[in-house]
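The two complexes that follow have chain A in common; it is paired with chain B in the first and with chain C in the second.
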Partner chain A sequence: MSKSVSKSVKPIKIVVIGSGGVGKSALTLQFSKSKFFLDYDPTIEDSFSKSCYIDNEMARLDILDTAGQEEFTSMREQYMRLGQAFLVVFSVTDRKGFEEVDSLIQLIYRVKDREAFPIMVAGNKIDLQNDRCIDQSLAQELVQRHQEFNPYCAYIETSAKTRLNVDLVFHDLVRLLRLYNAKGGSKQAKKSKCSLL
Partner chain B sequence: MEVDSEDIQLLSMTMTDLRSDQLENQLLRHVDSLNKPLVNPRLRSSFEQLRAEHPRRFAELCKVHLSFITDVPADFLEDETACSGPRLAGHPDGLANKSTTSLTRWLAIGLLSRPAGLHRPPDDAAQLWQAESLLSLLSRQLQAGQPREGLFRKAGSLLRQRQIRDCLREGRLLDSADLSCHDTAGALKNCLADLPEPLLTSRLLPYFQRLAAPPPLLDQPLAAARQLRGLRLLMQLLPARRRCLLARLLCLLHSLSADPESRMCPESLGTVLGPALLYPPVCGWDAALVCARAVGLNSAAARLVELGPALLEIPESLGVDAARALDRLRLGRNPGADEVCLSLRFADCPRFPDPAGFTRAQLADLYTAVHCLPESGRKRRLLRRFNRCNGGLAKPSRPRT
Partner chain C sequence: MAATSGPADKEVPAAAAAASAASVATFNTSPTLQSQEGVEDFSAFERQLSLSQSIGEELRPRLHRRNQFIFSRKTALSMDQCPLAPASWSQAPSPTPLQSGTAMAVHSHSGSDTGLLLADSSVSRIASRIAQSMDNVQKRRSVTDSNHLRVLHDSLTSLTHRITGAPGSQESLPADQSAASPGGAVASLTSLSQPPQVHHVKSNSAGGRSRKKTKDNRDKLADCLRLCEHSSAMPKPDNQEQLESLGLELEPSWDRVVAPENTTTAKAVKQQAAIWELLQTEVNILRHLKTIIEVHMTVLRHLQSSANLLADVSSDQLFPGILPVFQAHRALWTEHLQPALVSARQSGLPMRPTAFYRGFTSFREIFAPSAQYCLRIAEAKDYLKILEKNEVFADFLKWAQRVSQRNYNSEDGAVDLQLGSLLTMPLQRVMKYGLLLQEILRHTEDGEERLALESMISHVTSFCNELNSTYRAKCDQAELRGVADRIEDAKLPDWIDGLGDETATVLESYRLNLMRPMPHNGQLRRRISEGDVRFKDEKGKWNDAKCLLFTDLLLLAKSSKRNSLRLLRPPLRLDRLVLHKLSDPNNSLLLVALTDFGSVDCLMCLACDSQKATDEWSDRISQARILLAAQLQQQQQQLQQQKTVALQPSAPSLQPQTSVDAVRLRNHHQQHPVHQQQQRSATVAIATSSYSTISSNSSQQLHYTRSSGDMESLLTTTISVTHHHQQQQQHQRYTTHLSSFTDVEPATIDSTGTGSVGIAAASAVSGVEDQQDARRSSHV
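So, the complex of A and B:
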């Protein structure tokens, strides 16, 4: 039953972005395959799909796992154009990865030509409490700044290793997208343009 | 003479076994000789002397050796800048030959303002100096024991990377205590990617891409040996400064890949450094091209990292030929421009004084034996096969006595 239902459901394109080595692939693989892989291979591009019920409604997620290294930034704009919702990952043990979050979110707004868009910020690796250098408050502050004009932005702390909040982060992102679509976000929230004439 | 078909089968099987043993021994000898490094100091100094005093002859010698490994176009060395100058004609991918694609790519090169293959910009040396300085700084940081997990993979601070490069542009090196090796590695990657002329030069880049790509039969010793030899020859063709920089970089990456603390295997390093080392200049901006070729080019870069210091050796046969060429030049017997004396041969078969004659005789024996078989479908099949192998013209020459 579920197979036929999931096939009839339109897939949601989720793009996972973030700096190199922050755990994007680990998070994606933990969600889609329920495994934590110890491999440390940098990704160029991988895609996964998973169907699940979220709030009693079937959702088919097409997740695009991307490269974090700036060598591959040429591909970024291309997949950003296709994405319907974004998971921006940083590691709570890596200050530099966190510094990149804001610019990545800005890039999403620019590429999508929207002031608001479904974006979930995930602070990963919270199992490594001893190495933590980004406080929860710091990340929340960043997200709150965005929430002032983008109500579809949220922050969740995760651990791909212990599977903490892994499902939640993807499910909440789908919820944000549904809310965004329900409010007609895709039609209305376009950036205000000069209307002199 | 009556020959039973089973005898023939046995005879040919024995001959096949014998030949395969001989072939295997020959192959192993050939593999050993392909990559025997040059250790003789006299030959080494002749080699360096030929390179310094007769660069054109030296490059020509390398080209001939390279042509045993891969296809090298006849006009490979036709312009004055020999192996150092940017050049797109004679590109093995046919870059300048196909009108539409080449036009697109030329346009792309022009529009995207990376002047590869057109004019060497004046700041090329300055950019190389920046990369050398960054590499030295990175080596110092690693020696000082800075944490290296995910080096070249994890992003450094963009602000600090910009500061480092700004300082370098002013001709000084920023070496502050709060600079991490990730900052330096990031700046080095950017610096290599921004080189106006790729580190491996526009001329040699396609050959590096092709030769470093994992061959389909890498498990076979001959394929791996030929790859190593080809890459060693290409290294020798690089201009001195680029060769030194590449050598230092590959040695650093090789030792990094062997360090478990870094968690960066050659494949991972190939993925993150492939764009800076092996991607064609225009590729950095062309997403479609990156997607199509990324995996192959990254694994080629991984192979370079894996081989690392092994690439710096000079093949002995090249050294011997270089010394011979130098002797001839010294004696004033200046050979013609196309004449290159080689110690290389396509086949070695020291066990038989006349290998070609031996093969002919064996073939003639086999043909006669097949001819004596009673008429059957099998005999016709074997004869057809013989004719096919023999060009279908005549039976092998030596009649059985």
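So, the complex of A and C:
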């Protein structure tokens, strides 16, 4: 079924970014595969395509997982340029990863040369409540700061392990993108700060 | 980096229309320019030229020079003062109004677009002349960029052929176009950026024609592709045997290969699964590469050669070095991974990570040839983006995506088979080995195996790190070039107007060139930051400006409509800069550039919108200063060492001849104090001229002979620059020469003829390097 439909739908390229070890691949894998892995969780996921109905409208999602590339910062812009929407993942058990979220979002604005862009921030690993060091309010605050000028930014808490909000995070991102496109997102004010990129 | 060529179909009509209005004109649009601005830009130029025609011949040289400025500033082709503009100008015949106008739009792929609109009855002469100039530029440019130029050159050559071969190039013109420029031939060259069917100038009436042509081509393509579709009729790639013999059929899971009784512990099970993931994903990447080569590249080439479809698509640009990438993965698979799998299949024993040891410890050797791909992939994808607008090409991509499915098992799930995604995969793959090996390590208990894995991981990551820094250097350079191309000196045109043509000629060689290596270590500077600031002018009024911080200097510029940067202040050397925070309500920042004597050389007062932004700038500048100071100190120490070595008579390196001469020179001075003055000036002249020659031109050998009067003392300085990369070394050597001069003459500047000329020329230099040189000369 999905095959015949997917041809007519323009794919949406979603790029998953975040620090190393926060669970980017885990989230992506959980979303891509319906089956669960009993004895082994794969480490990586090649970019893949998935079609699904979101708000009664078919969407084809091409998802690019950037695991393993965190260290190689110069290549970052390479794959970020591909993205039409971004999933910025951090782990609620890792302060360093959370601190990088802001700069990653800034980088998106810079690479896309936009002041607003569809960005979903996901606080992953909330199943590990005991190790949690990033409060929900802290993450909310960060996203609210961005929402002041980027209405297409939202925060959600996930757990790839328990599959909590895994589908929702991707679906919401598509909703943000649709909203963004409906408001003529691509024609929105270009970022004035840097005219070079 | 955004190497998107402008919308040619909009620009070209503008050019063509203007061609009819004035027969001599030049237009140039940067990629971001809309056609509107393009016209403005163009008409300003046109005015200038008609002015030149009415005023007369004497003004022309000056305007020409201005035009050169415009060209070398704005075109990516002319980073080193491309001879393109002057050459074509000198070819243009008399300034009398011509009946025929000829437009040529040249779209360079490397960044900005260059448009030339030339008046000449023989287009071919100009075209060949440009082609020649391209050759010259190409020789000077780096290897990576020369590829763009090569393609550009090729297309120019084909233009020449087309025009010389057929005066009937008018045929390709829509009727109204020919009428608008009577007797003129309009040839648009959109070699790279435009699909073939919009190859000629588009106008309203041309639209229908081009649409029809597109439709014809699309039909033709559909026919060809239908033929290709059957596997038997698929065009065969050159390396078909290699592609066929990969053995990509893999069992669905590792426990079909390894007997369950051989993996007893949970750890061992996970280890086998992790190894299986490595194999599985390697098979996937090989499938992707196979798809790119088989379905995209081979069929594209087949279409080009057999049906002359998509003839303008450069497969080398679209798939930059995909074959070396394939070879690398193939080598890793067939020589290292597959054997382990085969032996496990035979024995049923678990696969051992040590089996891959050789493969990953020689990772660099295997994957080094694929590095080029990773470095060029950004350009390839930009190119792809442009191509996707071509309907015929889009049809081809759609077909390829459908046919690609054959290379994948249906149970693999949906793979993102768009060419853009496929092209990104090899780059991503290289960076994922570390992660996969790490995962195997996590489930490995055996000490020996762990050691082997750690070593493998370190080999892989060091290769990736290297790739990362190479890529970064490349981006930095592109970024720097982007800025350098936009820089324009606000004062220089005024000086030229005020001081006359001779000065203009002299000053032209002293323009700020950011691409020139930094004087203190011969490396390329890097842009650290660029941002909007406000700055207080002499009258105490706040103005908007752009502040650009580089590794060794600071620029304050005003960005103009055309996205160019007009310098408001001469470049400020960071090591001569002092920073003061003022306590006024604006939180402004006072930057003072000091002279060698500690007095104020240049002054600026900056402020940003917020206190935070101001603080950021202040921090950034301070950090850059500290970094530069450290580098300078290091350089100083090195020089000191070299000087000590050079002054030892027995030292074999560093041209002992120089020090001997220096000593001889000193003796002469003591004997002939009368000639001291003369000699000094000559030394200064040599120092100045030779240094600027070196910095501007890496010529093979510079031979300076200086004789002064009856003394007949001869100092020969031979500096050989064999290769660009040696420039740093050479720089040091030269600095040593200068130091030896300084040893000879620790005097102040004199004002005799040659000396003053030398110094004046050097101090007029806006390039930092030469400024330093000027200062150094003044020490002599």
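By our rule, the second predicted complex is superposed on the first by the 175 of 197 C-alpha atoms of A that agree within 3 Å, B and C clash if a C-alpha of one lies under 4 Å from a C-alpha of the other, contacts with A are read in each partner's own complex, and residues count from 1 in each chain.
Methods note: a contact is a pair of C-beta atoms (placed from the backbone, for glycine too) under 8 Å apart; a residue touches a chain by one contact, two chains touch by 3 or more.
All of these numbers come straight from a predicted model, not from anything done at the bench.
Chain A is touched at more residues by one of its partners, and among chain B and chain C that partner is C.
In the overlay built on the shared chain, the residue A:19 is in contact with chain B alone; chain C does not reach it.
When both complexes are overlaid on chain A, the residue A:40 reaches chain B and chain C alike.
In the superposed model, A:151 makes contact with neither chain B nor chain C.
In the superposition on chain A, A:72 contacts both chain B and chain C. By the touch criterion defined above, A:51 reaches chain C but does not reach chain B. Using the contact criterion defined above for the overlaid structures, shared-chain residue A:99 touches chain B, although it does not reach chain C. Taken together, the two structures place residues 40, 42, 44, 68-69, 71-72, 74-75, 77-78 of chain A in contact with chain B in one case and with chain C in the other.
On chain B, the positions that touch chain A within their shared complex are 150, 153-158, 182, 186, 189-190, 193, 263-265, 267-268, 271-272, 274-276, 284-287, 290-291, 294-295, 298. Against chain C, in their complex, chain A makes its touches with residues 2, 6, 11, 13, 32-33, 39-40, 42-44, 46-51, 62-64, 66-69, 71-75, 77-79, 81-82, 192-197. Here chain A touches chain B in the complex through residues 19-21, 40-42, 44-45, 68-72, 74-75, 77-78, 94-97, 99-100, going by the rule given at the top.
By the touch criterion given at the top, residues 1-2, 266, 269-270, 273-274, 277, 281, 284-285, 374, 377-378, 381, 413-418, 420-421, 424-425, 427-428, 431-432, 434-436, 438-439, 461, 464-465, 467-469, 471-472, 475, 479, 482-483, 530-532, 559, 563 of chain C touch chain A in their complex.
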